[in-house]
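Going in written order, the chains are labelled A, B, C and D, and every chain counts its residues from 1.
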Amino acid sequence: MPNSFGKLFQITTWGESHGPAIGVVVDGCPPGLPLAAEEIQAELDRRRPGQSDIVTPRKEEDRVEILSGIFEGRTTGTPISMLVRNADQRPGAYDEMRDKFRPSHADFTYQAKFGLRDHRGGGRSSARETVGRVAAGAIAKKILALGGSVGGPGGATGRASGIEIRAYLTNVHDIAVPAGALEAFPTLAEVEATAVRCPHLPTAEKMIERIKAVRSEGDSVGGVIECRVRGVPVGLGEPVFDRLEADLAKAMLSLPATKGFELGSGFAGARMRGSEHNDIFESRAGRVRTVTNRSGGTQGGISNGEEIVFRVAFKPTATILQRQPTVDVSGAATELIGRGRHDPCVVPRAVPIVEAMAALVLLDHWMRHAAQNQTFTF
Amino acid sequence: MPNSFGKLFQITTWGESHGPAIGVVVDGCPPGLPLAAEEIQAELDRRRPGQSDIVTPRKEEDRVEILSGIFEGRTTGTPISMLVRNADQRPGAYDEMRDKFRPSHADFTYQAKFGLRDHRGGGRSSARETVGRVAAGAIAKKILALGGSVGGPGGATGRASGIEIRAYLTNVHDIAVPAGALEAFPTLAEVEATAVRCPHLPTAEKMIERIKAVRSEGDSVGGVIECRVRGVPVGLGEPVFDRLEADLAKAMLSLPATKGFELGSGFAGARMRGSEHNDIFESRAGRVRTVTNRSGGTQGGISNGEEIVFRVAFKPTATILQRQPTVDVSGAATELIGRGRHDPCVVPRAVPIVEAMAALVLLDHWMRHAAQNQTFTF
Amino acid sequence: MPNSFGKLFQITTWGESHGPAIGVVVDGCPPGLPLAAEEIQAELDRRRPGQSDIVTPRKEEDRVEILSGIFEGRTTGTPISMLVRNADQRPGAYDEMRDKFRPSHADFTYQAKFGLRDHRGGGRSSARETVGRVAAGAIAKKILALGGSVGGPGGATGRASGIEIRAYLTNVHDIAVPAGALEAFPTLAEVEATAVRCPHLPTAEKMIERIKAVRSEGDSVGGVIECRVRGVPVGLGEPVFDRLEADLAKAMLSLPATKGFELGSGFAGARMRGSEHNDIFESRAGRVRTVTNRSGGTQGGISNGEEIVFRVAFKPTATILQRQPTVDVSGAATELIGRGRHDPCVVPRAVPIVEAMAALVLLDHWMRHAAQNQTFTF
Amino acid sequence: MPNSFGKLFQITTWGESHGPAIGVVVDGCPPGLPLAAEEIQAELDRRRPGQSDIVTPRKEEDRVEILSGIFEGRTTGTPISMLVRNADQRPGAYDEMRDKFRPSHADFTYQAKFGLRDHRGGGRSSARETVGRVAAGAIAKKILALGGSVGGPGGATGRASGIEIRAYLTNVHDIAVPAGALEAFPTLAEVEATAVRCPHLPTAEKMIERIKAVRSEGDSVGGVIECRVRGVPVGLGEPVFDRLEADLAKAMLSLPATKGFELGSGFAGARMRGSEHNDIFESRAGRVRTVTNRSGGTQGGISNGEEIVFRVAFKPTATILQRQPTVDVSGAATELIGRGRHDPCVVPRAVPIVEAMAALVLLDHWMRHAAQNQTFTF
């Protein structure tokens, strides 16, 4: 269903930006996992409004409440229901949007599709919906970090250690991390060191400066997030339609404000020759490895044990504090000025969301792989 | 399941490159559609090997056989099973691949995941698998072209006319269609005018030249396909996870050799400001329209009635006729030279495949929209 | 996923008997439906504990809280999240069950499957889980009662009026409604006239007497619910696997304590000859009708416009207030006496649950039918 | 989708009774399984027409052709496509059915739902569709018989041995196996000893006699199949909706001509008291076992390690060689006499079909259990 994601580790999100609450149900979680609300909260705090001076000042503590699926500190294998109450609602701030369609928002399409909409703050189309994704993703991340007994008839893995997922900004507007500046896998501390979540400090400073500058003009900017995943066992991904990169692409394009996805060499790879692009195999430390990683960690839709590397493009925030022409629900010309409390650049707060979605995809595929390939031995 | 795609108009493909046959089952097709094998065949002929002097010379007529679901020339609403016999098999040509992993192919990952693989011509990972997608997509394209009774509580559509899908090459290696050269919706004849399927003739000629040049060097090149869809009613797409662009992204990244997807402004959009990027609404011919189309035809994951525009990056063909180092199944270093009959550039033959996948996504979403929004009136 | 039901009108339930709350998320609800919490509450009150002197005295008001998906009194097409707080928790009453397996309960199987369990009141396996089903079913029932624009290429329906679902008890222990005593479709008032929900009054009285008698002995009894549905359009049901009766059977056997399902003639039909069993077609009031209805309202898995009639067998409540031998989690022999507050016969409170599940199946199939058969006209 | 069954071991069947062929695609099969066409054929031969003098004389060899998914005698983990050509077609025999609706057949409902139908031999609604189920079920049965590494955090199983599924007739018309006569698990040889597939010989003889008698009168009879499964590990089944018995019920009610399903005590259980019905736990041979098995092998929807026992009611064959009134497609009164070659009692040939469906359900649930409970250890 449209509000569910995943096949075996499945989440269902619900809730509107200015309704009473927003939440998620996680179905299929392995039992026995030690899990505390604080672990969920830590991830929610990374996407929370008001966390720094370059994001929206909306005041939401986003305290998670766990309603089911945990008993005496461990998951029971039954659905985990979590919710966050919406606190800082100023629905009056959106009265103008009841009848007017904000440019490049979902107001018009929701109205046309459903015949009515909760106009307050974007309702269901608000990025606030991702609260549930981040809460569920926190569980998936924890399981992946602990690792598991991946195996398979072809000795699908040689890795018992866990999976680590790291997303960060490489671009804001026309500011980009210099080529080759981030070869090492960034630490979480490096990413979290600045409000913009770019682990290359000189670039981070320029990004913050730019975001403040456009904000002062009532404008907004877009950016790019890169996500790298290491420790992934060989063998995850289910061809032909549920290739690992296909499900990652869907996960990322299901996020608000995303316009593109690329894996490994991406669009630049289209400008290369095969002799440049091919990843040569070699034996290293007893495992089959590739010398380069233009493939981005998958071949034929299945993880090959190298780092998974992908990038996601985010458009500039549609809400700007400038006067824009538009139409109202009757189709008549009008204009509006963005109000409310918005991020001049959504990308820094999207970092934990991208990680959450990546974790959901990987865990689901791990469980799918295990079901087909580890259950029976012939 | 991994070999099925779509929720209401669902296809399941099966078959290996050098097995006896390859095919597809289509479930959920609306009944009463007049359908002849020739209509399927016409699309298969567009992806067929040997169709021009810049593609693989593998000799496959790819004659489709319809085994069920059609009665007296019309679909019956029951599953449509179609198959194509594999004719020009030269399994001996692949003996070397039994034990060696071809760089940037799926040999290693299939072996690791499943413990064994049909090594002949890539087996299931061969792009030959897309025969079934194109056959099924031909049906979806026909239905979309005929159009239907899209509606909804919000007057989701004003279009009774059909949907037209047009894909074509914009890039091969470093050759690109000049900016602004393809503003008009290209005709099918323009696309099919050259073997490379680029409707901008001067560019097409350069592309063909380049492909022949790299082929003569035993090398390969990548490229980019742009796909545009017009006549799409307002309202298709199911937030939050099954956004129209999310399902398109998944569809495209499920194709062999793809490395990236972008919608509308795409990665370039990440370098823009909100004030540049926003698509202003206006009333035109009695409908709500946008002045620009940086959104690429969707807002909030739902079609807004503008052209859907997306691009897909394809890497260069992994098989090159050059000596490459690699490892064998035991992990020992070895080398191999690509043999077999391969496309120096897969992108021209991928055009009908991209169209097929786009058609499958759109039809499925149309049916989903109708189920929720057109069945009951309150 | 295991805690979700339905394909287009999909529900996901969550919650444990003695956790903080229990709830449901409904995805796919048609937009624009006027819906008030009171309408949900009315159905919940029918399954609520403590509603009469023959059911469990557990004190639960079961007040529903709607958290999303409704705006200004109408459904918006987005997920409807509903929860009920658990109030009358006496977890201490279940201390003994922490280590002992109650006979014919799910204690042992949950422990074996998941390695741990919330033992308080059965945790997830408690019939309290059905609160969410009834809340969701109330919405489905309302939509079905309003009716819709069912159609299809074959003129699938001639009925614009709504669908009415009526369940009631025909059997408690060895007490049964006399053959032929319930030919007319019972009214809701007739069903609700007695605490036992059997519309045949003389039988209802005997049933109540029997339930009180077994309760006084610390024992329990089973029973049978019959459910009839009228106003069903011709054409609902999706062969070959998703036949209407197949999905009804699954829905009913997914309820706690159920042991059997039969449609129309059921097991008695197996003892008949074809010449007795066949339902002869005739024209009546301009429609194709059958003279008899041994088929029970479907043929080939598709509704034929006659009443849908099915029966569900419920076993006696497993919890009895008698001493029973059993084993503990270590496998050692022990014994226990049922405590807690239980229904001596669960069947009367199961009536609204059966109706809810029937409504969910029918609405889902109606939407599926419409998607394939009403969207396109050729 | 309606023609697919199973979540992880998924089958999709296709084909009409008098089309060119009928078949199935199996997706999700574990790789490495040795599999020969003869093993599939053996099961198909058990459901084949013309196998004895009490079934239809339609001449179909039903030779299976495997088109994909097997390489060098082993499954590869990719889709297994199998088909059987329809040989003995006498479409002319069905000319009368083009316009007339056969009583208690699916002619009317298919016509109403889809607007057209392949009337020849019932088209898609023919029991010939089950060829694909039996072919797929043969694979599932083989995997289950070999057994696997079932485990889980709760030590979900103590059984490494395989699962054995045995179905057989207990009733034909009013002839029934005497109570208590089949306590031991019947052998395959005992079941196959007679054409009627009842392992109680004296009863089998009476059944055959009865079937011949009704056939001589141009009539038909129904019957009941009991199915027992032993060696099932503890822990299979996914509450709350995908309880093992819920999926078994759906599987059985998805078969043509079925009218009822019951598990363990079934409808008789509804007439019992809790003190009689409860299955007391005890320790036996180091495992938790029940003294009785009224539960029929599951508790709370999860297998408890005891025999799974269920029964399926089949109505008498709708086609009888007697004159019956009916209506034609215009609704006008007419009559018809059954022609064609039909089974006077479908139940004996349904035995391998019931076994196939049971195998599909169990294997799918085994894989689902493993995915959630065996992949990660905390």
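Rule of thumb we're sticking to: contacts are C-beta pairs under 8 Å (C-beta built on N, C-alpha and C of every residue); 3 or more make two chains touch, one makes a residue touch a chain.
A quick note: this is a predicted structure, and the numbers were derived from the prediction, not measured.
J.: Give me the chains shared as neighbours by subunit C and subunit D.
T.: A, B
J.: Where are there more C-beta contacts: A-D or B-D?
T.: Of A-D and B-D, more C-beta pairs in contact link B-D.
J.: If you average the CA atoms of subunit A and of subunit D, how many Å lie between those two points?
T.: Chain centres of subunit A and subunit D, defined by C-alpha means, are spaced 44 Å apart.
J.: In whole angstrom, what separates the CA-based centres of subunit A and subunit B?
T.: Centres of subunit A and subunit B (C-alpha means) sit 26 Å apart.
J.: So, what's the distance in Å between the C-alpha centres of subunit D and subunit B?
T.: 39
J.: Where does subunit B touch two or more other chains at once, residue-wise?
T.: Those would be 2-4, 8, 13, 28, 31-32, 74, 77-78, 113-116, 124, 153, 239, 368, 373.
J.: For subunit C, which residues are in contact with subunit B within the complex?
T.: Residues 8, 28-34, 74, 77-78, 143, 146, 148-150, 153, 239, 366-368, 370-378 of subunit C touch subunit B in their complex.
J.: In the complex of these two chains, what residues of subunit B are touching subunit A?
T.: Touching subunit A: residues 2-5, 13, 101, 103-106, 108-116, 124-125, 129, 152-156, 171, 173-174, 214, 219-224, 234-235, 237-243, 245-254, 256, 258-267, 269-283, 286-288, 290, 294-296, 298-304, 313-320, 322, 324-327, 331-333, 368-369, 373 of subunit B.
J.: For subunit B, which residues are in contact with subunit D within the complex?
T.: Touch list, subunit B to subunit D: 1-4, 8, 10, 12-16, 19-23, 25, 27-28, 31-32, 65, 67-69, 71-72, 74, 76-81, 83, 113-118, 123-124.
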